[in-house]
Structure formats: C-alpha cells, structure tokens
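Let me begin by presenting the structure, written as structure tokens, before commenting on it.
The first chain written gets the first letter, and so on, giving A, B, C, D and E; residue counts start at 1 in each chain.
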Amino acid sequence: MLGIDNIKTFYGETQVLFGVSLDIAPGEVVSLLGPNGAGKTTTLRSILGLTPAHSGEITFDGKSITRAQSHNIARAGIGWVPDDRRIFPTLTVARNLAIAAKKTRFRAWSIKEMFDIFTALEHLMSRECENLSGGEMQMVSISRALLGSPGLVLMDEPSQGLAPKIVQDVMKTVTRLKTEGIAVLLVEQNVHSALAVSDRAYVMDHGKVVYQGPAGELRDDAALRERLLGV
Amino acid sequence: MASPALLHVNQVHKIYSRGVFNKQTTFDLQADFTISEPGIVGVMGPNGSGKTTLFELITGSNIPSSGQVLVNGQDIHQVRSDQRDRLAIHYHQSYQVRHFRKRRPNFMLQPSPTDYPLVHLFDEPQFNTQDGYIGFMLDFFRRLRDEDRLVVLCVHPNEPFHLQIMREICERFIFVQSGRLTQAPDYDSLLQNPDVTAYLGDLVGGQAA
Amino acid sequence: MALFEASHLHKRFADQVVLEDITLSFEENQISGIMGPNGAGKTTCFNVLTGRFKPDRGRVHFDGRDITGLPPRKIARRGIARSFQMMNLFDEYTALENIVLALPEVRDKGFRVLHDLSNDSGAQDRGAQVLARMGLGGREGALASDLPYGQRRALEIGIALAAEPRMLFLDEPTSGLGTDATAILAELIGEIRKSVSIVIIEHDMRFLFDLADHISVIHWGQVIAQGAPDQLRENEWVRASNLGALA
Amino acid sequence: MADFLLTLLPHLLNGIALGLLFALLSLGFMLIIGVMEVINLAHGSLFALGAYFAVMLMSQDGGITHPFMAPYFDLPIVLRYIVALIVAPAFVAVVGMGLEVCLRRTYGKDPLYGLLLTFGAALVLEEMIREIWGPAEYFLPIPKAISGGFFFGDMIYSNYRIFAAVFAMAMIGLLWAFLNRTPYGAVIKAGAHDSEMVRVLGYNLSRLRLYVFAFGAALAAIAGIIMAPIWGVRPHVGVDAVIPAFVVIVLGGVGSFWGAVSAGLLVGMVVALTAAYLTEWSLLSMYLLLLVVVTFRSRGFAGKASALEA
Amino acid sequence: MNQNSYLSSFRAWFTAPMLLSFLVFGTMPLWIDAVGLYQYLGLEVMIWVIFALAVNLLLGYTGLPSFGHGAFLGIGAYAFGLTQFNVAANLWLSLFGAVAVTAILGGLVALLISHRRGIYFALMTIACAQIFYFIASKWTDVTGGEDGLLNIARLPVDLGLTEISIRSNFSLYYLCFAAYVIIVVGLWRLVHSPFGKVISAIKQNDSRVAFLGYNVWLYKWLIFTLSCAITGLAGALFAMAQEGAYINIMSLQWSGIAILIVLIGGGFISFWGPVLGVIFYFLARDILGAYTETWLLWFGLIFVGMVMFKPEGLAGMWRDGRTLLGRKPAPQPEPSVTEPSAAGGD
C-alpha cells in the first residue's frame, strides 16, 4: 500500500529526516513511535507532500507520489488526522465535514456512519468549530479524514485530549478500518493503546528509524520497550 | 475573621441555549464547591462534560449565567480581564483557546490583588514517558502546592501509569459528567463511583491487575 | 552573584501568558542549559534574555548591571552574543565577511566611510582566526550560502563568537544536524567554553545532559526544575522514562 | 445647530455610500491577502479597469467602439447598465487571473517580489488604460431611474448615491451569504485560514488561488463601476483606490469581514467629511489617514499577525 | 611598499568599470549627435542615472522599496528654483538649497518610516509622496500649482576666478557629468566602506545586525536621508535642464519608472545596474517610442517579466552570459557588493 524508501526531508535547510524507510500493507495498522522531535510528524508531512522529501522514494497504491502535489496525494486516497486537529474554526462542524467529502477508489463513508462511530457528533453539526472542546474537535478531525474515502489514514496523536472511553472508540475504529482493508499509520504518545491495535511498530529517534518489528514484540518485551520508549 | 477560601465556586450555573424565541437549553453546568487549603485536585470527565467550561468560569474568561467565583475572596469577574490570570491561570493546549466577548471595559473593574496566580489549572498536560518530563512536572505541581497554591489537574488517563500518577499526586478529585460535579476525597472513593468506572472503561481492569 | 541573573520575568503577548515567573541565573565559565517541551516558552525566554523582547515585569542583570529592556544593540555591546535557531547568515557575504562584520573593532568603524575593510589586515586576520577556531579554515572566500549545513551552523556560532562576548547564547544549535554533526558540534562547544560562558537552549536532552554544568527545565513559561544533570537524573520518573534509559 | 446638522446630513450619507464602496473594494483585497498572502498593489488598477470597461459598454464615445456594436448601443440604457455590471467585472476577473498566473513565480519568495510585481502590474494597467482610452476623464452614463436628485428639506440629494449605497450593501450581503452559506465560500474561508489542510482535503490550491484572485478582481471592478459616477473615470483613479483599501484592511484586521465593513464606513466618513469642508484636500485625507493608521495601528483591530507584517 | 599602498588606495576609489563609464559619459556629447541622438538626451540620461543610483541605494543595497522617490526629485527641483528666486541667483547656493531641503524633508519622512520594512515601508513612502504631491499641486503661491515654477535659470558656474556659462545643453551636460563623477565615486566608496557593508547586511538580515551591536535604525535613517539628498541634487539639475520645475515629476508614475529602471538594470546585484537601466530606458524610449506610442506599456511588461524570471536584471544577464561563455574564471557568481563584476570586469 505505502512504501517509503530512504527519504531525507528538510525544513528550509534544516534536515529533519535522515533516511527513513517504512512500509505498510493494505489493511495493516502500523504504529510510529518515538520522542518529541524524532521526526514522526515530518514523516507524515513528507508522505502528504506538504514537506516533500528531498531524496528517496514514496509510493502509494503502486504509484510514486514522491513529487506529487498534496491535493493529488489526497485524492489518491490518503487521509490525515493532524496532531493539532486543524479544524477550520470559522466554519460549522457540518461545513467542515461537507468540504472534506470526496470520492476515491476506496470505500466511501457517509456522515451517518460517522454518527454511528461518534454518537456525540450528530448534535454538534450546527456548532461553530471554534467553540468545540478539544475532544469534540478530535472527533471532527477523524470524521473529516474518513469522509475523504481514504485507503490509508495517517493519524497523528489521535488519543490526545480524549477521554479513555473515546480513545477506546477511536482504537476500535482503527480496528474496524483494518477489517475494511484500510491501512492506518498511527503516531502515538500512548504507547500501550497504540501497540494494542497495531500489527507492526516502528520507533524513530533523531530522524531515523531505530527499531522495527511486530507490535507484539514491543508489547511483550518490557526491557526492549523500556529501552526504546520508557515504561 | 478567618482568611477566605483559596477557591470558592459559589453556586455557579452556566446555561448554553439555542434559539431566540423558543429557547432550548443545550447544555448546563452547575458547580458549587469550596477548596480552602492549598493542594492538588484531579479533575476527570468525559469529553464535552463541561471541564473546559468549568476552567473558563474559574479563570473568568467565560461569564456564568448565575453565581460567582471567588479566588481568595476576590470575585474574579470583578477583576480587569487582562489581570484575571494573576488570580487563576489556565494552561491549555493551543488549539483549545476559545475567545469570549468582554462584557465590561477594564477601567470599570478592579486590578488584581496578586502578581502571581493562586490557582493553576492545567488542562491535559502531556504525560508521556518518551521524553521524560513527567517527573519534573510532578515535582513542579508539588512545589506550587508547597508555596500555598491550588493546582487543578485535568487529565484523561489513557495509560495505566496515568492513573498511577493521579493516585500518587492528587489529594482530592472532582468528576464532571454532563455538567454535574461529583467530589471524591481520595482515589479509592473516586473509583466507587460507577460513572467513573464507566468513563475509564478497560483501564480500571488493567489497573487492578 | 552570578554573571547573568534574571528574576521574576513575566511576558505576555495579547491575552496569552508566555513567561509566567522565570528566575534564572547563569554562572561565569559554565555551560548552562535550558530545556523544555515544544511551546514551553524556551525561545521567548531566550528572546527576553537577549533583549529582543522587553519583559512586562522582572529584571535582567548582567555582570551586576541592570540590562532590562535595553535594545539588542546595547545588550550586544555589554558583551552578550547570540545565535539563531532559524539560521540567518549574511548569505551574500563570504564566510570571512560574515565574521569580520561581527568584530567589535569593525562595529566601531561603522560610520567611517573612508575605511577599506579589504585592506584592514588586522580585522581580516582576526576574522580568519575565528574561522579557523570554528574549523572553517580555508573556507574564508566561500559564500555563506554555498557552505554545507554543518559549516553554516559553525559559522553561525562563529559570528556570535567574533563579537568577543563574555556570554554566548546558543538557540537550539543542534537543530537539523545528524548524529555525527551533533558530535562535532559538541566538541566545538567543549572547545570554546574555555574562553566564554555559554547558555544553550536545546530540545535534544542527551546533548545537553552531556555538555551542561547546570540545566533549567522550562514548561508553561516557568522553571519547573533545575540543577546539575546528575541531580536531575535522580528523579525516579526521569529514570523510568526514555530519557533515563538514554541519557 | 439644527441647521448645521441638516447640512451635515447629506455629507454623512455620502460617507455611508463611500464607506460601503470602500468596504466592497477592500473585501476583494482582503480575500486575496487571505488566500494568497499577497498585497495586491494593482487592486486599484483593477478597480479603474472595471470602470473603463463599463464606460466602453455604456456609451459609444467611451473609447473603443466598432460598427458591429452599433445595434448594441440601441438597447435601452438600463439593459446596457445591467450588461455592464455583469460583463465588465467578468473581463476584469480574466485580467486578474492573468495577474495571478504571473504572481505564482513570487510565492514563497521574499514578499518584496510580490510587491514589486503588483506595483509593476499597476503601472502597466494604468498605462494600458492611458493607451486605450487616453488621459481624458470619462463620465459613466447611468440610467435615468438612478440619476438626478430629490429634495430633502430644502436641499437636493443625489439619487445615485442612495443607489450606490443600497447596491453596495446588497453586494456585501450577497458576498457574506456566498462566504457563509455556500460550499465554495467554505473552501475559500478554509483556504484563508489554513491552506495546507485544504490541500490535504484534496483541493487544488493553485486553482483555488486563481479563482479567488479572479473573484477579488471582480469585486474591485464592481466597486469601480459603482464609484465611477462619483469619482469620475481617470487613469489615475487606481492609485487613489488602492490606498483606502489598504487603510480599511489595516484598520479592520485581515480576515475580519465585519471589521472591514465597519472600517470601510469609518474611512468613507472621514473622506466624505473632509470633502465637505476642505474640498481641495479630500484625497489628501486618505494618505494622511494611511500615515496615521500605519504609524499607530499597524496590526489592525484584530491584532493578528499576517502577510502584512512582512 | 609605499607605492603598493598608493596603488591599492587608488583601487579603493576607482575601478575599471567606473573609469569606463567616465570615458563613455565624458565623451558622450562629442559623439551623441553622430549616432543619431541629441544633446538633451545625454542630459536626461545623466540626471536620471544620479536619480536611479539614489533609488538603488535604498532598494538594491538596503532592501527598502521606496515607491515614492519621485516626490523628492520634485522637491529638489522646486527648492532649486525657490532658492534661486528668493535667496540669491547663485548656482552653488541654489544647489545647496535643493540638497538641504530634500535632505531635511527626507530626514523627517525617514523618522516616520525607518523602523518599517517591506509592505509598510513601501506604502508609507507612497503616502508621503502623495502628500507632497498634493501640497505641491495646491500650494500655488509657492509652487505655481499645475503650471509649475517657470523660468528657472541655468545659473553660471562660479569658480571664483572665472564663470562658466551653462546655458547650452552641452555645457550643462558637463556640470551634470561632474556631479555624476562625484556621486559615483562617493557612492562606490560608501557601499564598499564598513557603512556600506552594514547597510547591505541590514538588507540580508536586520535583526542579526542589531544583535551584533549596530544601531540599525540610525543606519536606515542615514541611508534614506542620503538617498533623498542625492535625489534632490538630481532634481535641481533637472530643473535647470527643463528650465522649470513641474508637478508631474512628483507623480507616482515617475517614482514607479525609477523602480522599473533600477530593477531592470539589475540594481539587486550590481552597483552599475541603475546605470544600465537608465541607458536601456532612454534607448527604449527613443527607439521603441519612434515605432510605437505604447512603448511605456511594453517597458512595464518587461519589468513584470524581469520580476518573474530575472530579478537580477540586465546586470544578471550579463553575468550569466559571461559565466556561460566561460570568460569568468570564478566558480561561483559573485555577490554585488564585493564584486561589481556585472558591468565589465575587474
């Protein structure tokens, strides 16, 4: 589904990624872990073409997207849940979601299905987004990504600011996406919740991948986990 | 006269409603509690239960429909809006900042009696083990308490160690659900509350194990 | 009294408090570190300390004198130099010209229209010395924009150093550097610490824990912890976290 | 006192009409700043171009005409006026698109280049106008229904200014509805707030920018057409128009719709009142206003940092 | 050793392109008729070169886009005429009056705008220029309003022992040429002195310059005032050339043309850019102008094209051409300040 081969990415002239490689199969959930500033968010931005990789190769769905424009990458079927939500504050929830809907070759989602996932969402539709609470914004942000009919969802800290029950809902959604054949790349601070739903995991540090392996290995091997991630 | 309570939320009621003629209440929050002593208070509750609104009411950025918030005896809404954070300060995530209209110009209000905030409200501080600031943060909360300040800590426990932290550091708890507050004097009695266990979901089981 | 002391700094932008109550002191001949998570107010703190912003409350003392609210040029003339996180070298100038412009003697000749810098062998030599010290010997004539990134970082520090400061403030010097370049930089800082007191803002904790004599942790615009690296490591949560494992 | 107030009234009305037109002009200017982060110094020239195109579509002596157009000029003036109000802004929108295509090369560079380019474009457009229509002043004919005047006490007040005010108000209302009620408006607002996220939702940012520029240019042209009978149609009118647009945006704050409208009214009032009591210096008041505003309030009422800070 | 330092000090003041420009401009009246042009054109070129150099001091060297410099050209012209009429009909005094008045007004404007950059700076210069324009057009008693200040005399050059008449375009040209020589040598020295290095550094990164201990505001103020003073001198010469001072040179259009000229010539990368630009402009005006009425439009379009594709202007093209032909051994293109390579070698 997604293949990243040895990408190097810069902000201006500041190098952030020093040769990152990773791959995700269709319907696979992959965790991307590591401390702040390790380059996780930059990896996502490189995939999306927002901070294009300077060298290396990114392929999605069999096609190279290394040099593609962000809107074409999105239309190819990659959705993004950014860590700071990036909801448009001056629009209502309904309008935020309405402009996100698009068709791709992957499964389309309806607003109604979103209501099923996040029951609170239905009552929020007419609210201006600047008045939402943090958790409510996160629901809108995830729904927005799904309404764009993605084949791969990049989730940057989806559990941040969410109540445990909702986090479990989000993680259930991740599992559900997986059964629908949709791949998820999950960036998380909450290592345990992330590893619980993931098939495989990557750990980054200083712009490099320092570990990769089955999520189970990291979940069960406390010493390894402690060395890489603390706790 | 005894010194006033550090934080006195006096029968505060906040109602959000929709519609001009046929008003429908969309949300209401009721809070009435007093915390006299310095300490660390844990606040939990589902998303949209009113925690952030409660914090906004305490720091004076949001105006209550009725009731008042007294910080060290001073009604926070009578203080100049640009000095309210000298009494109670709200540390929030950048995307959570909401803006409210000012009701009265500052020159009609009083200056803050203190320079350094007495009540510190932390909205979802990031507790993760990957970069290791937790220890410093916890020490800082304790230091604030030892300097006779009130720390209010709002955390969504999503990992077992989050609960461990709350248990370790908080002296009392407030649970907010659908605009209603429940107080618990300690961690164990907090967990007696079925709403709390429902809120925590699978986490409690993990914690007990 | 420490060489540099800041007490009770408070700074707000509009209705946002960025620095709540910062009290810091940096000793002479030490490397002091400031660290903290993103958005904690590190850079604002740095900007207030070096005179880019004026604090709303609180005082800054350097060498026993009050420098609060002085404009950057006056603070620079008191002997404080700084580097920038976003590198802004004089790209149209050569490496040597970048350094020469920072020399105090050249600064004093700023209005001397009849002076010719290219014939000023004193300034040229001193500039070349600074470059050599930064490991940039032989690159005098290269345009700043043509230097590779690591060398630009070194030049960045060289410019600050050329001003012959008593105290050098470095803003995230490792940002954008790979592991190897970071090691070289650490060596360089170890070298220049012999002649100047240094304050470093860093998010790379390992770098700071290895180099600094004293570290202040900033979060929510406040100093939430400080001490020698070993003292900080004693915290049980620090040891339980990733930092403890790697530091 | 009452007399004085009575004589003041028409000037206040002038101020409102002028202010609403300034607001309309500035809203287009603001859309362009919001989505492109470009200060379009050629905005005034687009405003002037709108007026000239309208002149061309309204009267045979208005510059270029061709015999084949003769039957068109036999149409009733009201019809031609409506055609002018639709077609002239469309022409200007096309010119605006051309300008945006040129501007693309300056995105992401030093904002000075965008400034130089739009400044050059303003000179080119002004020169083009001089070339096609000559340096002389034109007057835009208007339908009878909205010309003439009416008695107000014992004073005559111009029908046209009432029309201009109402028309501008309607346009502002429509614009508001467009931005707040349609999906296109939603995308424009979203793009002004966070262009990156809009791209990730699958929108082609280059195309969005092109359309927004065209749209802003059309708004300038409409303001130009409505202003034409009040200010006259001169090649130089563009420079006089871009300054109030800028003053309004600085006062009202980038991104604030009602901020721009109220600042527009304020500026319109100032200009109308100076025009009433110091006729000679009315245009000067705008430049003085710019100096004062930029000196004391360079961040605007909204106080947000923006492309203006560069 | 002694001779060496003498040589290097000569080099510090004069360069080959400079001497070449002296040779070309110095002999211009002798051959200008022969190539089918006319004496008055030479005069215009000389005056505009001085004006363009002053504009480029701000735009190219300090990165400050002054979009209203034409106003100072007009102020210089008016001040020259007014001193001549009201104080004394002496050339030196009138020139001094023109330079002093523009410098003072420029200095006042600079007080308002020296802490600004980019858009605000540009708009403030436009606003100030328009204010001066309105004052000049309405203050009829002093400026003659729309009619302008007529009958400004080409005052004789009083050299103490002798007086030289500059009534003819030919002799006035040499006065302008003398001014050009002084201005070019002075500016060359200025931009290669520490002062020049500092202002160019301000263009590249002003906050860093402040943190190095320089008073950025003062440098900006000085350079703006100096640029205005030189513009005032150009205005005075222009008043003599036209034998009058007219409101139209204060219009924004002329300020705009000055920017066009500077950028097309390559003021961003070369000291000589403005000179190339002026020559290009006047040749275009006279040659293109002979064929088409719309030449200024085309000139504007060239400008827009230059901003888009080649902001380094003619000087940049020259440099690229030399690099392509491999005549220049230097591996990298040299920056403007250290190496004004553009206009013809070292």
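In this section, a residue touches a chain if its C-beta (ideal position, glycine included) is under 8 Å from a C-beta of that chain, and two chains touch if they have at least 3 such contacts.
This is a predicted model, so every value here is computed, not measured.
Enquirer: If you walk from chain to touching chain, how few steps can bring you from chain B to chain D?
Expert: Shortest path length, in steps: 2.
Enquirer: Spelling it out: a chain qualifies if it touches chain A and also touches chain E; which chains qualify?
Expert: Common neighbours, chain A/chain E: C, D.
Enquirer: Please state whether A-C or A-B has more C-beta contact pairs across its interface.
Expert: Counting C-beta pairs in contact for A-C and A-B gives the edge to A-B.
Enquirer: Among the chains, which is located farthest from chain A on the basis of C-alpha centroids?
Expert: Here the answer is chain E, farthest from chain A.
Enquirer: Please tell me the distance, in whole Å, between the geometric centres of chain A and chain D computed from their C-alpha atoms.
Expert: 43
Enquirer: Go ahead and note the Å separation of the Cα centroids belonging to chain C and chain E.
Expert: 41
Enquirer: When the C-alpha atoms of chain B and chain E are each averaged to a single point, how far apart are the two points in Å?
Expert: 65
Enquirer: Find the geometric centre of each of chain B and chain C from their Cα atoms only, then give the gap between the two centres in Å, rounded to an integer.
Expert: 38
Enquirer: Multi-chain contacts only, two chains or more: what residues does chain D have there?
Expert: Expected reply: no residues.
Enquirer: Can you list the chain A residues in contact with two or more other chains?
Expert: In chain A, the residues touching two or more other chains are 35-37, 229-231.
Enquirer: Could you list the positions in chain C whose residues touch two or more of the other chains?
Expert: 37, 240-244
Enquirer: Any two chains that touch count here, so list every such pair.
Expert: Contacting pairs: A-B, A-C, A-D, B-C, C-E, D-E.
Enquirer: Could you pull out which chain C residues touch chain B in their complex?
Expert: Residues 15-17, 20-21, 36-37, 39, 57, 205, 217, 219-220, 222, 224-225, 232, 235-238, 240-244.
Enquirer: Please output the residues of chain A touching chain B within their complex, sorted ascending.
Expert: Residues 33-37, 84-85, 87, 120, 130-131, 133-137, 139, 159-168, 189-193, 229-231 of chain A touch chain B in their complex.
Enquirer: Mind pulling up the chain C residues that touch chain A in the complex?
Expert: Within the complex, chain C contacts chain A at residues 37-38, 86-87, 149, 152, 175-179, 203-204, 240-245.
Enquirer: With touch defined as at the start, can you tell me which chain E residues reach chain D in the complex?
Expert: Spelled out, the residues of chain E in touch with chain D are 63, 65, 67, 112, 116-120, 122-124, 126-128, 130-131, 134-135, 138, 251-253, 256-257, 259-260, 263, 293-294, 296-297, 300-301, 303-304, 307-309, 311.
Enquirer: So in the complex, which bits of chain D are touching chain E?
Expert: Per the touch definition, chain D meets chain E at residues 39, 41, 102, 105-106, 111-113, 115-117, 119-124, 126-128, 131, 236, 239, 243, 246, 280-281, 283-284, 287-288, 290-291, 294-295, 298, 307-308, 310.
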